[in-house]
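Here it is, the structure in full.
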Amino acid sequence: MREEKNYWQALNLALDMAMAEDSSVFILGEDVGLYGGTYRVTEGLYAKYGEERVRDTPISENSFTGLGVGAAMVGMRPVVEIMTINFALLALDAIINMAAKIPFMSGGQYTIPLVVRMPGGVAKQLAAQHSQRLEHTLMNVPGLRIAVPSTPQDAYWQLRQAINSNDPIIFLEHELLYFTKGILDSSIEPLPIHRAQVRRKGKHLTIISYSRHVLLCLQAAEQLAKQGIDAEVIDLRSLKPIDWDTCAQSLQHTHRLLVVEEDCQFAGSGAEIVTHLTERCFFELDEAPIRVAGRDIPTPFNAQLEAASIPQVADIIAAAQRFRYPS
Amino acid sequence: MREEKNYWQALNLALDMAMAEDSSVFILGEDVGLYGGTYRVTEGLYAKYGEERVRDTPISENSFTGLGVGAAMVGMRPVVEIMTINFALLALDAIINMAAKIPFMSGGQYTIPLVVRMPGGVAKQLAAQHSQRLEHTLMNVPGLRIAVPSTPQDAYWQLRQAINSNDPIIFLEHELLYFTKGILDSSIEPLPIHRAQVRRKGKHLTIISYSRHVLLCLQAAEQLAKQGIDAEVIDLRSLKPIDWDTCAQSLQHTHRLLVVEEDCQFAGSGAEIVTHLTERCFFELDEAPIRVAGRDIPTPFNAQLEAASIPQVADIIAAAQRFRYPS
Amino acid sequence: MEREQIHKMLRDMLRARAFEERAAEEYSKGNFTGFLHLYPGEEAVAVGVIHAAEPSDYIVTTYREHVHALVRGTPSKAIMAELFGRRDGVCKGMGGSMHLFDAERRFMGGYAIVGETYPIAIGVGYAVMLRKLPEAVICFFGDGAVNQGTFHESLNMAALWRLPVLFVCENNHYQIGTEIHRHSAVTDVYKRAAAYNIPAEKINGMDVLTVNRTTQRLLKQIRSGGGPYLLELETYRFRGHSMADPGTYRPAVEVHSFTTQDPISIAAHEIELNYPTTDQIAEVGPDCITLLTQHAQEKGQLIEQELALMKDDIAKEIDAAVDFALQSPQPTLEECLDDFNINQRTEILI
Amino acid sequence: MEREQIHKMLRDMLRARAFEERAAEEYSKGNFTGFLHLYPGEEAVAVGVIHAAEPSDYIVTTYREHVHALVRGTPSKAIMAELFGRRDGVCKGMGGSMHLFDAERRFMGGYAIVGETYPIAIGVGYAVMLRKLPEAVICFFGDGAVNQGTFHESLNMAALWRLPVLFVCENNHYQIGTEIHRHSAVTDVYKRAAAYNIPAEKINGMDVLTVNRTTQRLLKQIRSGGGPYLLELETYRFRGHSMADPGTYRPAVEVHSFTTQDPISIAAHEIELNYPTTDQIAEVGPDCITLLTQHAQEKGQLIEQELALMKDDIAKEIDAAVDFALQSPQPTLEECLDDFNINQRTEILI
């Protein structure tokens, strides 16, 4: 199959294929069934697979995520949808204290083949309580993996890989990506789920990002190119583990590091990226790395301020221009 | 007053004084009252102030922390004790979505003079679910402040300052510090709550840490001194905000940065410290910064492995020795 | 009930409906975006309950709270400006539709994480209890919110410590697209209060007079130390869950009769796709506004002219609110960083 | 009941007590540290319930779970070695006292965050339901755990979807130092199940025969599709909450009579400081072991010699378990990193 698809459609297809192939896969979450999913990701599956395998839940995040953990312990492959990542704060005990720790605490007796999907990020005027980013929190948890696809192709394959994996995987979907389009080609051999990908080759600086902001970085790179600044853009695709080799290789020829994240800057995901690469490539770096990140404020409702609170294309360009390039 | 006190006694005194001075201060948490507190911090207060102001709660972390938020909105000064930080995962909605965001979302109409105290860190064979560190998660939340006292003197003053503050403050107490001793001198003018303190002057490298690990860094520094390595040791005292000026000043004469944290290394608190100081002092640094941090694994129950999972004095020394010093 | 009181309530219900329908219109025009949860159909709940509250009582609400603020006395223009995200909004444009706060009126906020209203309410109640004041806290929540753990935790504490809280369930039978029989094992919410020894009752939330009378009685009891109480109000929302939801999961037959959905007989394909407007529903179903209007007219407490005048006044008020919102400036980043963001405020760092 | 069955249960209760008292001893000697929550006094609960379970049933427990594992069949030496943190422990030294897991015996783990057992149990139950198997899940929890939000959330889901879960409340009247009247507005835990339409009952948790018979009946019903059930067992712990807790908040008079504390008459200063030992309490109070022993002797199902022999066997078994634990090697960091830490395992990263 080779077709243009929306990001949500790619996810929908991945779920459909996984459920068709493996009866141990089931979905649960608020309004995933009869209603078809807030962002349409589970559309059609309730009618096709029935209410037991596509289960509408009450508003009980900690418990239905924990339900997924319990079911995974006995060999099911639950895909839990937390309607949006904002409600994941209520389910962190299930994710951190159960899913991530049981395999270890049990001395390896149990695996947790669980996927927890969460739409998230700053969307459009959803205000402070509905604009949570949680990358940093989840990255710090040993025992989890985190996938952050930015394209329909990755959305499809990484979700299939996540469902096949025996480890608990957090699957972060950006709310503003659902209606982006791209080619879904199921014949292309997918990269391993945790491998980063160079989305644009360049020689002057390395821009590292993930999820929706990869698209903004690519736009920025095109404009920078017109100014003679040739940026390499890396899409991490996975925040845990991070494919450091791909990043370090890039720095070997660019010598400049720019990290772009939507997370609040202070102790955000970018801090680990910068620190690790500084530790590893200190003498490769010509200048101090730069972060372009979310502001350290709760997200304002006002549309202009909301936009100002997270990196825009212009911010990325401005940051890239702060490096001194050899002329 | 100038007396030797345990860390827990210093906290106990701070609570007692604050309650005596201000009737809007009240305490709530599990077993803080009749039982006297798991780590004795609230000992004697139930008898003195009565059950309404020293309230024993059911095991309902999210709701009693949220209760603190509601009471703070109408001018009370609640001090919530979450019995240990491990249970704070259940209360993060109250902390992050309520306490930290209400002042902002309300356009400044409400302040939240709330203190949430949490014993935490890796103690002695408490296993994976009871060895949570949560610095990184809380640091990323705009709207919170975080105090991390390492001495009885700081424990006393920072708690008094936290109770007086109109902002929500997370007060992290390390479980292995409660029975450490130090001089409590209430006549010494305290530093501002967020100011870092140089605990040891030195010229070869800057070691930055906080809470219990400051004590380990000081021990390491003494041993390093015998080898001719003169370490400056900075106690951050506050993780949000961080007093960057004190850190940067130190790097200006040491040119080497070692960050010691008990948090898991990947996306831990050290990542922000290293990144920020690298951004700010890149050309001051002679070498790549080094982190000595917790291992990225759930905490093993076995005592030896538990010790191996977090930085020990020897690890700090070994890391300091990895720098090349001018001879 | 007094004529004057009936007029006040009717006026507030009409204002509420007009405000919400206009908000929908402004949203569709693109004057703001985000989640917009509207209240048409449920007006008797907010109006009946809040008209029973004293200025010294506190109110805690959800994201579906424009009407609660309006009835509490927050000027319509300050609410509309907030929906527009403007500087003259009640939260200076920082909160928006789901987060209206009005400290002056003890309006403790709209919370958008389901289940947050309980802990806030018991917290305010705890403060009242410590201060020994004759004040009550009104805590609103939906039928879906009953299954959040905080309901259980907070009601237990409210009962244990006899906190002065009136828990008000706005039971509109739906948690977004999930009908109550599919989200709750016990669908009479008031019965669940027995697990905490909290007295409770269910009444018709479409009848504003009963809602108001009952609430008055309960608040009096609570203010004088009677402890918490749970009041379940049966109601129905005429629109979808939010502007993003056409509400198509509700069979037309249900929408027209407000009966609860029979989970067995409803299959996805039976769902009626042409979702009716608020007016269409109000015409066929029991509508709280129609009910009160008829009642007042029958009792001779309302004449046609008065009603027309009211509607006219309201139309003008809402127009003015929109004009006000449109003319209000955008808040600036500096204001936002300096005034509301505590991380920038260092002076308090004693 | 059959003689053989009574002997088995008595033996398990004696083993349980001996194991726990020895664990306390080894702890005091410094052979391990951390939190150690012991079970003396409550043996009839774990023994009565678990003896009713089939090998195909699942068990989910709390941090106070050594006895549950022991009764389920995990060898005492594997449990003791786990307490010592050794490689031959049932979790290879990674879990410790609060986190015993035994996958082979469908022993789904000891959870140390209060309230975690409910979601795990309904998760396992959901899997059983999907697979349409005649299996039941037994979910243990304490009286204090009832106030955690997950109780409410999970029981609602269990009821909604008729999951095959037996919720077993070990009501020992205390949440650490907080007596049940001070933590729960409704102190009959079984009554709280009505909020979810879950049938429930309370029985004497000191009487192992009744516990066992009741559980057998309930599990049968659950396995054949009867839906969830809540069983409350009244019991008492003879020791403090954990080794760190001398239990001095319980008035001596209560400890001796197992009556519940009267919250009004108890002031901090009245508390008896000399906390009695397990043996002393067992002597004066209703002790499940004494009760069963007397019953069996009265019915002629147990002679003195048999009892002595049992005790002898058990003493030897426990000695051997300690020897085994002492001789078991420490796990290495490499094992710990490679085998149990998924972040190191890349092969599955398809």
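Here the chain labels run A, B, C and D in written order, and each chain numbers its own residues starting at 1.
Convention: contacts are C-beta pairs under 8 Å (C-beta built on N, C-alpha and C of every residue); 3 or more make two chains touch, one makes a residue touch a chain.
Everything numeric in this text was worked out from a predicted model, so none of it was measured.
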Remotest chain, subunit B as reference, centres from CA atoms: C
Which of B-D and A-D has more C-beta contact pairs: A-D
Chain centre separation in whole Å, for subunit C relative to subunit B (CA means): 41
Length of the line joining the C-alpha centres of subunit B and subunit D, rounded to whole Å: 35
Centre distance in Å when subunit A and subunit B are each reduced to the mean of their C-alpha atoms: 30
Sequence positions of subunit B contacting 2 or more other chains: 57-58, 60, 62-63, 86, 89-90, 93, 97, 104-105, 127-129, 142-143, 240, 295-298, 300-301
Shared interface positions of subunit D, touching two or more other chains: 91, 93-95, 99, 111, 113, 147-150, 152-153, 156, 160, 182-184, 340-341, 343
Touching residues (chain side subunit A, partner subunit C) in the complex: 30-31, 34-35, 38, 46-47, 56-60, 62-63, 86-87, 89-90, 124-130, 295-298, 300-305, 308
Subunit C partner contacts - residues on subunit D that touch it in the complex: 147-153, 155-156, 159-160, 182-186, 191-192, 194-198
Contact set on subunit D toward subunit B in their complex: 32-35, 82, 85-86, 91, 93-99, 111-115, 144-145, 147-149, 175-178, 182-184, 244, 249, 268-269, 330-331, 333, 336-337, 340-341, 343
Subunit A - residues contacting subunit B, complex: 62, 86, 89-90, 92-93, 96-97, 100-101, 104-105, 127-129, 132, 136-137, 139-143, 240, 263-264, 266-272, 274-276, 278-280, 282-283, 285, 287-291, 295-298, 300-301
Contact set on subunit C toward subunit B in their complex: 58, 60, 89-95, 99, 101-103, 108-109, 111, 113, 116, 118-130, 149-150, 152-154, 156-157, 160-161, 339-343, 345-346, 348-350
